[in-house]
Amino acid sequence: MVMPLALLEKSLNKRVTLLLKDSRTLEGRLVGYDEFMNMVLEDTEERTVEQTRKIGSVILRGNNVVSISP
Amino acid sequence: MVMPLALLEKSLNKRVTLLLKDSRTLEGRLVGYDEFMNMVLEDTEERTVEQTRKIGSVILRGNNVVSISP
Amino acid sequence: MVMPLALLEKSLNKRVTLLLKDSRTLEGRLVGYDEFMNMVLEDTEERTVEQTRKIGSVILRGNNVVSISP
Amino acid sequence: MVMPLALLEKSLNKRVTLLLKDSRTLEGRLVGYDEFMNMVLEDTEERTVEQTRKIGSVILRGNNVVSISP
Amino acid sequence: MVMPLALLEKSLNKRVTLLLKDSRTLEGRLVGYDEFMNMVLEDTEERTVEQTRKIGSVILRGNNVVSISP
Amino acid sequence: MVMPLALLEKSLNKRVTLLLKDSRTLEGRLVGYDEFMNMVLEDTEERTVEQTRKIGSVILRGNNVVSISP
Amino acid sequence: MVMPLALLEKSLNKRVTLLLKDSRTLEGRLVGYDEFMNMVLEDTEERTVEQTRKIGSVILRGNNVVSISP
């Protein structure tokens, strides 16, 4: 059994891909999270259907996150 | 009586099909979940009306999940 | 007075019709539920305006359910 | 002062009209409710802009209800 | 300082205008409310862009209310 | 450090501009609020893209408020 | 490990960029926040696809915030 938060813990300091409710994709290094699945990414790239751009560090509110791929 | 979380427990390490609120379908092996129905899938395939693609491991936030078919 | 959860209890092992927020209709045998109105259906048929298809067992998240008809 | 739940209590076994978030109207006899305003209706008629149809008994999730007219 | 619930209390038995999330406007006499801002109106008129109609008594779920004008 | 509720406290009896989720703007004198950021405005003007109109006193439910500018 | 709220704390009195659910971007100096990620910005600029405008101080409700870039 792999608890969802345990997999986040294992993903610390690794690159993850987040899908957000507004259908943007963020790819960055996961450097922190809390029990609400709020997350901190570094060296983040944001991808939409139109473009890709670097956005550096970002704090994500967990309730906007659909899925996280380690 | 089959409690919803008990059926998730029975589905561990088996393939399940998730329907998400954004109408994507994910099919993968369920390797973990928590009491909020956050889930961890492995060997996951994502299907939309346009395409099917492999997305490997994924953590799903429970509040984006509509239904789970074991 | 018929409490909503009491009517779910009485509907166990009987066929019920669920209307979901995404306007799909599910008809199946109710085999379980919890206090959040998460439910487990078996021998389920899903109906949309376009089609009807058998989807077997399914766990429904209560917050996607609009109404349940015993 | 008429507390909202007290008016529901007074409406037991009487016909009420519910407006749902999806803009359907349900008219039926209120036979039960709980503190979340989940409700049980009997002899229910559902009305949309297109049609009226009898749907018998129905359990409504309170968070889909906009208003209740005794 | 006028607390929001204190202003509701002061508005009891007076006519108020409610704006709902679905952009309908209800005007009626406020006869009750609870701490979730569920409310009871009497002699209510509902106004949409298309029409005005009398709907008598109505229980409103607080989470569908945007604003209340005494 | 300026806590959000402390800034509301400091704004009491001053004019503030609220942006609502339905994209209306309200400008009025803040005369009260509670811990859910429900607020009471007086001498309020409502502005939409089409028009500006005076709406006097208004109670706003906090969960419909996006931002408050003192 | 960088907890999300710890990164907000470190960002105090620095300029941050907020993305809101309604897809506006706010850039301003973060002068306060609480545990719900309600925030106070000063010297704020609001950017939409159409325009940029100065809006001074603003209190943001956390549940409208998608992401914060320090």
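So that you can tell them apart, the chains are marked A, B, C, D, E, F and G in the order they are listed, and the count of residues begins at 1 in each.
Just so it is clear, contacts are C-beta pairs under 8 Å (C-beta built on N, C-alpha and C of every residue); 3 or more make two chains touch, one makes a residue touch a chain.
What you see is a predicted model; the values in this text were computed from it and never measured.
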Chains in contact with chain C and also with chain F, listed by label, are none
Centroid distance [mean C-alpha coordinates] between chain D and chain B, Å: 33
Can you give the whole-Å distance between the Cα centres of chain A and chain D? 41
Which chain F residues sit where two or more other chains touch them? 63
The ring order, beginning with chain B and continuing to chain C, is B, C, D, E, F, G, A
Chain B residues touching chain C in their complex are 1-8, 21, 23, 37, 62-63, 65-70
Mind listing the chain B positions that touch chain A in their complex? 12, 20, 22, 31-34, 38-40, 55-61, 63-64
